[in-house]
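Presented sequentially are two complexes of subunit A, the first with subunit B as partner and the second with subunit C.
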Partner chain A sequence: MWTRKASFTFVGGIALLLVGMMISNHQLMIFGLSLIAFITVNSWLAGHGDVEVSRTLSADNLYKGDDLYVELVVTNRSLRRTQMLEVYDNIPHEMKLRTGLNSMRLNLGPGETARIRYSIRCPLRGHFSLGPVSLRFRNTFNLFMEEMYIPHHSDMIIFPQVTDIEEAYIKSRTPKMYTGATTLKNSGPGTEFYALREYVPGDPFKMINWKASAKTGDGTLIVNDTCRDAVTDVYILLDSRDVSRIGTVLKNPLENNTIAAASLASFFLKRRDSVAMAIYDEKLSYLQPDTGDKQYFKILSSLAGVAPKGNMPLQAVTNSLAPRFSRGSPVFILSSAEGDGTAPHAIRDLVGRGHEVVLLSPSSVDFERLVSRIPRMSYEVLKIERQNRMTALAGFGATVIDWMPDMELSQAMLQARGY
Partner chain B sequence: MSARSRRIRRGALLAGFFGTLILLVGVVLSSYVQSGDSQLSAYDDDWNDISAFRRDVNDMGIQTRSVVSSPLLLKEIDDPGNATFVISGVEKDAFSMPHFGESGFIEFDEPDGYSTAEIEAIVDFYKANGTVIVMDDFGFSSGLAEAFGWQFNGNQLYDSLYAPTLNSSFVWTCLQIEPCGMSNLTVDPATHKSHPLWDGAHPCALAASESIVSEEDAGLCAHHLEGGMISYNSTYQILMNGPTILENATKSSKLGVSQAIASTSRDASIDVNGDGEVMVGQEQNEETPDRAASIEGNFVVAVEICESRCESSGENMEGRVIFVADGSVLSNAMYDYEGYNSGEYTDGTPAVEMPANDNRKWALDVIALALLTDTNGSLEPNENALVIFDESRHSQNAFLGESYNMIYWILVYFTSESMAMLVLFVALFIAFEAVVIKKKDPEPWRHVFSIIYYGFGDARRYGYYAKSNKIKQVFLSRVRNNNALTREEFDAMPATELQQMIEDPVLVKFVFENRDYSLEQLVTIVKRIKVWGKT
Partner chain C sequence: MADDVSRQQVSVQTLHLRQLRKRWQILALQVIATVALVWMYMEVISTYVIGYLDHTLVLDQLDKYLVGETKGEYAIPMADWLTGLGSDGMARVYMPITLGVVLGGGMALLSFQPPQRQQRIKFWLIIALIGLLIGRLLSSWLFGMLFSWEWRIPDQDEFNYLIWPISMLATLMVMGFYLLPVIMGSKGIWGLSRRGVAWAIGFTLFFLAIHAILTFPIIFSVLGSAGAYIPQFDAQVGEPTIWGLITPQQGSLILIAILMLIFMESAFGVIRYMEYAFRLPESCKKDPEYVRQMENILNHHLYHTVFFLGITGVSTMVALGFHTILLNLVAGMTGSQWAHQVSESIELQLTYGLVISALLFLLVVAAMRFIVPWQRISGFIEHITSRQRS
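Our next item is the complex of A and B:
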């Protein structure tokens, strides 16, 4: 591609040549021809973008707000100099450059390598990709320029933030539901002592009770049998309907809900509970209850990709999933409870099935106030109406937490005691 | 529409566009790639070209050049007084734009053949003492001839003075005031007379008495050298092939004095309707459409025009234009009839011999007259002597020769003709403007952090929530919730009981009285509702 400078020079050369011919001025013609010749010769001396690029990330998965360190290695594999080579690593506009620059102007000789290091902050959750690498090479006089892309991508997932939740905050009126691994008086894998029994092939050696074995006197090996640990199933229902987008990009009910879901999942999975999660927007996505890091990764990955859309009512979710819920297991509903007339009935059904229902409800009116100038009186009436709704939902047996925008999750959980 | 189908559609559109463009350019260029047989070219050696004349000129030590683009280049000649411009057949018309007329207004009518600017260039060359020889018959020379007050008739001339061994198209003429006569199938030498203008004034005539040792010393008069002496004779018996005639143009010219130097016999006629038969009468009508010299007088076939007097030569030589009504008068077959008869220009010896003629003698005498101007009596040509052949109106045999000529012509035309120059200036201006406006260098790459996104609520409902009925509904819901009543229970409740539940007389009045409230009153009510039930 011709640069503006080259276009001016060439058109100027032609103009000088023609004007020189018009007025029979040889000096002008020669000058014009020189300019044209200069452009012509330069067009043969363009740079190139025949480089090899590789990118290294400090992590593939991060939490929202974390910094990511990137190193881009550019190597000239050609036998010619690159001349003026501009390298630009495309990063999503949602990420903020913290240190360094994601672009560099290079003039690499054959085989030479350059490294571009920079760090970015990821303020938004989601699935992102770094790349491609854009190259723009020019010749020495900046007369000709070409652009190309090297389709080198690095995918990464930005998980929602996970905050610490103190155990006391989520204790309910039925404490045994939240003790995590609860002991059942049956023999099986676990940590608590249950009884002594004779060794059978297959038992791990660490279970052998050497003192008890010695006491038998006949060489019989005795092992410590343990109580089987059982886990509590925890269900999280995340409202990702379109109505949950109200607010700013960083502060809106959906963002709060994802933080709450990630934090709750982290809390319960650390306690070896089994966590299930359902996300409802225009459709229902359901993760079966499971334990462990794998389940944690699944939940975080799902939460990273959540976007507000659709308008599925809560009762449709509970009608579909409630039969699969373990009896008596706690259910966390993360929803602003806006624009869903089925919420009271859904909660009533869940409570009726014996579930402990906690409704963590970001106050959408207050999120809306961050972006809209709501008249004072209308705001007060809206708030009263919301309080009415919360009161009604509490009246159906749910523990209702009204979560204000400027409130940390742990603070919000404190309100659970109030209901 | 998916990105893939968009790409396919865009690709198809681009292919269609460039295909059409290539087709159009190809059609235009194909007509210039290889055209038909060329003739009358100074650089081809066929029997109908004029290369023998060019060779003779070269052999006399005169530079020869050709103009393949446009006669506009005649402006660039440094010494027109020592130059001769030879136009032999104008086979092509050329594109020309409207031009600025003498009145300063734009004129749209353009002559055939040469554009107004080209004719002006030729006239300027003539005014600068240059010599122009225009030989044409059915071509596009009339525009040029009209500038000098003459025009080519464009219909074929037949005369009883023709070469019977060939055919009636080959017509004899003599450069003299009275036409020569015929005797025994050839021109009667007894009727030969001297050239009306050159006799005694021609440089070769002036050197006739001098003793010349060698052909080199004879210079441009070498063709008159006989026995060490120049024997100049101003009689010219010219053979023409399919000539037409010259007539006075409707507009007279002030470019000089003109004199017919050759005419037909009284038996000559013009085949006006081109049917090959000559039908003449006292009146020109459908039955007798053709014209006869016996009725109209002798037809003119050659004219000489000079600025003031054509009898001048040497240092007093003025600009001179000679029109001959036959484009092929210098063709190799007639000019070098000996070579033609020996088969030099054809495959084998021709069946019919070309009769001897003075075409060569005349042409070389014109050159001698034109170029022996400031030689101080020497017959050697001046070192600046130049003969220029106009090849711009001939078809080219060379591959892409026509395209080359076309491009060269455009270049010369647009840098020489005033209107074309104006157009070119405008085009250059627009090109510069286009570069300034359209040509943008890409912006430097830089990362822009941007997460400006807001999810707005429904602002239309704000007004609704400020209405008294909505406030009343919200309040009653609060009353119902606080008292743990179902909708049915609440609806069935007596009014007095509800009043007792509310207790606050202001809110009771608000619930039970339907009236308009001012903003201040509603604010007060909402404040009371907020605190209601908390005490």
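Our next item is the complex of A and C:
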């Protein structure tokens, strides 16, 4: 493609040629001809984007706020020089460059390689992709350019932040009915032998008891079943309704809720408890209770993709899931409890079923205050309304934690004493 | 995996402007631009100006006026060896051009000083100029009033103190006007000012355009005796002595055009690369990869300046003489009446024939790109040589 400079030069050359011919002025004609010759000769020079790129990331999964180091290797595999090439590695607009630059002007000879190294900070959780790599060839004299891109992508997941809540949890009045691993003598994930049973698809191979399998004689695989180590199942219900987007991009109830869910999951999974998670927005997505790193990864991955949408009431969630909940297990509800008239009934039902319900509620009134000016009187009224709602929910038997925007999760957990 | 990604390294050579400005490629480009500017200016002067309306004629008139009006008491204050007065031919412009380049360089040097120092230098320069202009008049007049202890307006002798500074100012203005492209061009090249380069090119083009308008036959006939100061020539008339293709006058015009392109591309190129380096983050300025690629880019700019602008000049020359080649070719064909008629066709030798044949040649040159895989050949040679080197 011709640049503006080339177009002007060419048009200028033609114009000088014509004017020179009109007024029989050979000087103008010669100038015009020189400009046209300049463009013509330079058109010989064509760059190319026939380069090989490979991107290496310091991590495929990282936590919100972490730095990611990227190295983009550009190699000219052809037998021609690339000429002046601008390489630009597209990064999601949510990410911020920390060091280095995601672009470089280069001129690679045949077989030559260049490395672009930079680091970015990931301030938002989610599923992101680096790439494609944009290339722009420019003639040395900036007369011609061509834009190309190489569809080379690197996917990554930014998990929500995980904060340490252990100390806060011990100090708070949150019910502690699950203090460490005790065998329940039920079949499930654990270390102690429980019984032998037939292999079912999905069982890890390391569980296969080869001796017992050989003894069957008919090729049936037998596995060692283990006693379940987990004390109990912990259920986390995460409110991802549209109303939870109130606030700024970085500070809103949903962001706080994801941090809380990740931190709680990390805390309980480390204690070898089973953690289940339900996310409700326009639909309900549910992760079965499980233990271990795999479950932790599943939870974090789900949390990374959470976006505010829909308006599913809490009672619909509890009606659907409560029958699956283990008796007496604790349920954490992470919700601002705004715009949902069914919340008290849902909590009452859960408490009635014998669950210990903890409602961790980011204060949406205060989040809204971060982005818009709420008159003092209106703010006070809204605050009182919210406190009444929280008191009412506490009255149904839930432990209610009012979570302010500028408060750390561990601090908020200590607040559990207030109700 | 984290270990796989190496961090940015730090090289001894960096892309900080202080260092980059001293790189041989940048200096070479700046020197090329300066040489092209001075050469272009000299070509323009030798083709259009010298002997017709050059600065010495104006200064000579000014000198005569001063001598006549002051009965020989005053003359142009600058020495002849500085202004070129009394010299012949191009010798008139050598020293003024040198002064222009030095002045432009000085202005560039000033622009690199810290703002406070710049302000201070400008301030003292203005004070010195004011002192030079009215200093003697004021001191003589004020001391005169002080010693005679009376209020009076300055007398004629005291007013005469203004003649020297005003004539100095007039001389400088005349020379400044003539040397504007050199001064602004040098400032643009060494002071990295796009505006300076644009001024130099703009002024030269403006001069050529004015010349073209004034030499248009209808306008030229109106000028009367003033037309004697405007050189009029037909670049097409004459023997094609340069490679048997173009006349020396055509060669001179092509040279001006090519030198203007060299000056423009080198000066703007330096500014463009400096801007790019300036905008890079600190870590990239020290990164050996960026340094290496900048070196690659600068080296290739130099190659292209020499190679492509050289080819441009040659192809313009061939294009201008292409009608001669065609006519010779046709004349070489025997036995055809058509060939005989065409070879004697006067139209092909005039403007339209010349332009059409020149454009035809350039079209062929453009199409050569698809026929000769020169980039592959040069790339292959580079590949082989780099392998041998490694």
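One rule holds in what follows: the second predicted complex is superposed on the first by the 361 of 419 C-alpha atoms of A that agree within 3 Å, B and C clash if a C-alpha of one lies under 4 Å from a C-alpha of the other, contacts with A are read in each partner's own complex, and residues count from 1 in each chain.
Definition applied: a contact is a pair of C-beta atoms (placed from the backbone, for glycine too) under 8 Å apart; a residue touches a chain by one contact, two chains touch by 3 or more.
Quantities reported herein were computed from a predicted structural model and do not represent experimental measurements.
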{"item": "Joint occupancy of subunit A by subunit B and subunit C, clash or fit", "value": "fit"}
{"item": "Contacts of A:300 with subunit B and subunit C, given as first, second, both or neither", "value": "neither"}
{"item": "Partner chain in contact with A:24 - subunit B first, subunit C second, else both or neither", "value": "both"}
{"item": "Contacts of A:262 with subunit B and subunit C, given as first, second, both or neither", "value": "neither"}
{"item": "Which superposed partner A:133 touches (first subunit B, second subunit C, both, neither)", "value": "neither"}
{"item": "Partner chain(s) touched by A:41 [first = subunit B, second = subunit C, both, neither]", "value": "second"}
{"item": "Touched partner set for A:156, first subunit B, second subunit C, both or neither", "value": "neither"}
{"item": "Partner chain in contact with A:79 - subunit B first, subunit C second, else both or neither", "value": "second"}
{"item": "Subunit B versus subunit C as contact partner of A:165, first or second or both or neither", "value": "neither"}
{"item": "Distance in angstrom between the closest Cα atoms of subunit C and subunit B, superposition on A", "value": "5"}
{"item": "Common interface positions of subunit A, toward subunit B and toward subunit C", "value": "19, 21, 24, 97"}
{"item": "Subunit A-facing residues of subunit C, complex", "value": "1-2, 4-8, 208, 211-212, 215-217, 234-236, 250, 253-254, 256-258, 261, 265, 269, 272, 276, 280-281, 283-284, 287, 289-290, 292-294, 296-297, 300-301, 304, 308-309, 311-313, 315-316, 319-320, 351-352, 354-355, 358-359, 362, 365-366, 368-369, 374-376, 378-380, 382-383, 386-387"}
{"item": "In the complex, subunit A residues that touch subunit C", "value": "17, 19-21, 23-31, 33-38, 40-46, 56-60, 69-71, 78-81, 83-84, 97, 99-101, 104-112, 114-118, 140-142"}
{"item": "Interfacial residue positions of subunit A with respect to subunit B in the complex", "value": "2-5, 7-8, 11, 14-15, 18-19, 21-22, 24, 86, 88, 91, 93-97, 102-103, 123-124, 134, 136, 145, 147, 245-250, 252, 308, 364, 368, 371-372, 374-375, 377-378, 380-382, 384-385, 387-388, 391-392, 395"}
{"item": "Subunit A-touching residues of subunit B, taken from the complex the two chains share", "value": "76, 411, 414-416, 421, 424, 428, 431-432, 435, 439-442, 445-457, 459, 461-463, 465-466, 470-471, 474-475, 477-478, 481-482, 484, 519, 522-523, 526-527, 529-530"}
